[in-house]
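Both of the next two complexes hold chain A, though its partner changes from chain B to chain C.
Presenting the complex of A and B:
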């Protein structure tokens, strides 16, 4: 019975979308679109020029190709190839290649309508956004460039920062329909081969019809795709990608996505901002610790409130007793309901603010924060103590430099809340134990996600909760298992300094 | 599929079973802040608790207090009776002060102590105190408009522990109670019409109140008992009074002779500053301070020895010499120690250093 049910659910054989068995039928398919042109050229050279108008550069066609064809008589494709002043021209009769290249914006030239051989001249033009300042990971100091939706522009942004022949860019096409170009970037000689192979193997194993954004890959390639914790760090800053490439990590850039993925990553990396490297190390360390505290506060504060108020009244400090009790006195809900209502309100505000245009979004924030907040307290629906705690917790969750982990923190508050209601502080500890257990088991492309805490790696702790000065970071992180683990030779630094003095 | 369901069964059951325990939010409970017990007769005693009531008005929050009293033979009986008088469940976890009246303390408070120690929700920083008079009256008197009684009494004890009064709380008392060769002590409070005074130190032999020392001598006891940082002491020298403020004293116990014929030396090093005197100017004599130090040393040594003599007479050991000896001697025999303690030889050695005399000299 179960087997029959399983069999029934099995997918039917996928009908091939691109089923063309000859150039002719390919052209027939393309001709259904208005922007496809396939015209015989009259004049000295007799040939058929076919292209998709909307993705080729017309100027290029008119200035570099047509003059050649019209000024002299060229007999076959080889001759045209010799005369057209363009690189990367190819003559082929491979249908698959012809199809891909036409769809990418090549101009196809055939001598006769019935010919299977075709000359392909690349003439692509792609509309892209200009490189602009980072909006998600803004930093006050430091580079102000962010990735855009074009893969080539993005690689350009990396290449100009890392002028190194060893910077290797491997490309994979993923997505049955979208045929999205995915670039895997690493530095040969530094990046661990095993990591690279894992990434490539996982990319090749992806079977899906569309890859619209890099976040698709995060979900598909994750070691544990049911975990709320992202196992790839996504960033829109080319400088950050460069930094991690040099550490021996691997970056994945998806065409059409302004976010690069880097791996292997650890939980602490999600709490380090690029600002941390632009500030002196003691300041950076202090801010990083503040951020970490903010995260813990954000996750635990409301559940502690619930636990203490419902189960452990003796934990309330003497001086706060009057404040808390009198503010709670008129409220008809138990603390858990009160917290849930307020948390949901804040989540609503956040969602509303995120979906609305920037200018309206601000108004929503003010309306929500001030008007609803004070009104709820005055109406006796929530206590003002809790309003402060919830607002601070929400504020604290915004301090995470990586947006993805911020979402995770938003979510994992709720299990903590429920267990706090059920079992008080014991429940919170149980929930914590569960999450830590989960984190310990988690991996990012096969490397431990909870490092450097577990397994404990002292070397990596130099750039985890605190950031020690650059002079002490002479080794690359152990996490990446870099082929070349030395950043610089500390002895040589000493020698140089001696000469200076 | 079934396997997954089975895996969640224990979680489901534990949610159902454990969530059955009573959950009360903070505003739905009566939080006992102070409890007092009075002696009635051989069997019965009376318990009084005070519970704050919070209410909110347009102008702000106010608090008032409610008192419950019940008599019974056991603590649980009293609690049950108290519960019967309250509209909200009584919570013991937040109790800050426990009072026992003198008569009750003389008749052993061990069973009340045991109850406090057994309750996991009660912290170990609870103050215990002996009341000269009725603890019910002490609790039910309003001393200040802005401060509740529990906070007031709590404040008196806490404030004095930072000054001349030796450190005391439930933890210290129960340590002394359970230790071999050490006896506990508690503050002795007395209520006047509108305020409370610390009368002195009430010394216990196990759970029984046996001896008292006036509050004015608590400085002497404190420098022998622990390291202290504040507090002051008067000396009379050549018809003038000088107040020496203690800015740091340390005490060390030396075991000079061991088990058979024990001898202890208590070494006290006291740094002080002179901050008040009844004469306008200090004499020009360069040796004056040294002489003053010498006088203070002599005074303190004398007082300490007198106090220790009293302890020996009453056969109590609040300093914990037995405990010191136990930690220094292999094969400490507690029964033997109990016999020889009254005759133990104790020497007190006080070193005073006056570090400054203020900006007018």
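Presenting the complex of A and C:
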């Protein structure tokens, strides 16, 4: 106890990297790096130009700044500011601002070495990947652009889809060391103010030294961070983000992360794919139902196998009995062991496949799926029937359009297996009841996560398990509590025409 | 003498309240529970196969009681505790409220122990009751500790998940002997009323409204839904009883303890036999709201009366329930428990009209003096 107390005391209250207290010491710190340049300029203008070579655009320096300074004599910073043909130049003596901007790639100009006032010219160049096709949330039809690691590019992808002055982008800096730019995007007049405030409040409350990816925020801002269910939807598709913004939701984009977060979200949103909106409504609804069935199958099938074969053998119909008995006759393990071995094998294959380069990964899948599976059956370690069930369950869990929820489904299978082993079908029921209770309790930025099932909202059910035609979706979902809840006037759309008009 | 109204219920924030529509599920799921699995046998004892009339009469009585409950609550604009305090004063009123708390606790105990017995008899004869009750109660605690909204959610899912089981009635109808029901009404009114008394026990559950009334948004508009809920229960009981009546003979039904579960046995599906296992597993969802809601209400009363922390009361009740259900060992004890709960429940229902009359009388008296 005492030791712990001491340990706690030893930490300084606000762990910060040693801050520089003057511009001079800042430059001293920077000079330790090879790529920092701070040299007096020779020529008519007598000044000192400092910058970090690796993050400024050298062409810009040589073409737009140096010619101005070298061609005429400029006496002070104001004069330079007037002559340099660049926007957003700033003169300041605020050390904090100078530090941030120089680290982001500004060129600093001072008249004398001892000056505190500095002129800052933005000249950043950032290396980014080209916008490419979505790889996690691939769709056959529809737009094929995905977010990249640059915040500005990502906002560009959104702005070009939503040319609205009301599209508001607020920016926060998070992370003591990384100072990551985080953009909160919403449509003013549609998005609920309370939701927006909650998001901003939670972002500002985050205390951490680094924000590397948007998934950091998912974990830090969650209403219940102990839940296996993600309470923010992450997507790499700008079209999907646009769609939810129009519904009145809020998007969060983190600089350096190719995934945007949207909230408030619900459990059903994780099972809806972008494709659903590109297909006619009946097809989309059918595929959604298949996906839902797949998820239920994936979670329950193996535990049902365990429950029936361990506790309720009487339930197997006579005709099926022979098949199951003959396939299980040589297996030395009880059903639960058999299932656990196979499930873990599949999880292994999945992990291996995810870590390996794409080309090798495919081979592993085939080797694992066919060779190991067949060998295990032939060796008498698992039964044929179970192999089919497990493989189908694994396949079914891949049908979720959002990767995050796929992980959840992978995990929650195991509690079901254990409860099936414990009390058969009653155990499965109890486990399911627990998860229903858990989902009812969950919230996404203060809005119920299990909506539109509970609280029951018929309006939102139009776009949940099935997707009704666009003409019926005249209102925005209740979940978002949109300030303006009407999408369009349904009366104008549904004016009926008579025959042969 | 006019006492200030007990506040405390007014302080409920909007986000713990539920919409009036959900009262349908609250009322219905609390009424339907473990009783429906075997109530046919008991009502047949008195009124024979005319007992379906008793079910209808029981339903009508429930509608009247529900109307009274709404009147009582509307006049006091609070819950049972504030009604009691208004009428009987702080001390006596508090005592009566605590009796209700124990009654709800008894209800919980009956449901959970009877369900454990069903599981023991039908699926796991060697079930470890202590472990099973512990985990089951833990589940109920998880819901009840989540607050009223969570409990309501469970009620909703209970009704939705329970509906498919209703479709199974189709199988016994295939083997129906409609002539079982004839001649219609050959029992005396006394016999039918005696069966009505028995059947009211299956309708227990509307009295929980006395506690959760302040948790309803716009309570006046919830009336309609509450009555729909009772009506749906009546209909469900009627269908269940009629199906059992036309399947079993009048003598035969006396020898079956749980006619409904036995009916599940004849369900034939190509991929599954012995359907009663599935039925009992699904029954977890039907009885969970019973347990959660009653447990929540039971622990809510001490909080309102003594201002205890509800969580502590809940844990205390958890322990009481756990020990009590572990100690109830055999079929006879459980039957006695059910019997007692039925009797006490009957008096609780009888108490509602009395409360109604006292309150109305006092209101009139106060008006005259004011």
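Here, the second predicted complex is superposed on the first by the 477 of 501 C-alpha atoms of A that agree within 3 Å, B and C clash if a C-alpha of one lies under 4 Å from a C-alpha of the other, contacts with A are read in each partner's own complex, and residues count from 1 in each chain.
Operating definition for what follows: contacts are C-beta pairs under 8 Å (C-beta built on N, C-alpha and C of every residue); 3 or more make two chains touch, one makes a residue touch a chain.
Model, not experiment: these values are computed from the prediction.
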| item | value |
| --- | --- |
| Clash or fit, chain B versus chain C on superposed chain A | clash |
| Touching partner for A:248 - first (chain B), second (chain C), both, neither | neither |
| Which superposed partner A:329 touches (first chain B, second chain C, both, neither) | first |
| Contacts of A:452 with chain B and chain C, given as first, second, both or neither | neither |
| First (chain B), second (chain C), both or neither touched by A:423 | both |
| Contacts of A:311 with chain B and chain C, given as first, second, both or neither | both |
| First (chain B), second (chain C), both or neither touched by A:134 | neither |
| Partner chain in contact with A:258 - chain B first, chain C second, else both or neither | neither |
| Touched partner set for A:230, first chain B, second chain C, both or neither | neither |
| First (chain B), second (chain C), both or neither touched by A:434 | second |
| Stretch of chain C, among 189-197, 243-251 or 333-341, that runs into chain B once the two complexes are superposed | 243-251 |
| Chain A residues contacted in one complex by chain B, in the other by chain C | 311-312, 314, 316, 318, 423 |
| Chain B - residues contacting chain A, complex | 15, 18-19, 23-27, 29, 31, 52, 54-56, 61-63, 91, 93-94, 96, 121-123, 151, 154 |
| Complex interface listing, chain A residues touching chain B | 309-314, 316, 318, 321-331, 334-335, 421-423 |
| Residue ranges of chain A in contact with chain C within the complex | 311-312, 314-318, 320, 423-426, 428-430, 433-434, 436-437, 440-441, 450, 453-456 |
| Residues of chain C that touch chain A when the two form their complex | 18-19, 21-22, 119, 123-124, 127, 132, 135-136, 139, 142-143, 146, 149-150, 153-154, 156-157, 270-274, 277-278, 280-282, 284-285, 288 |
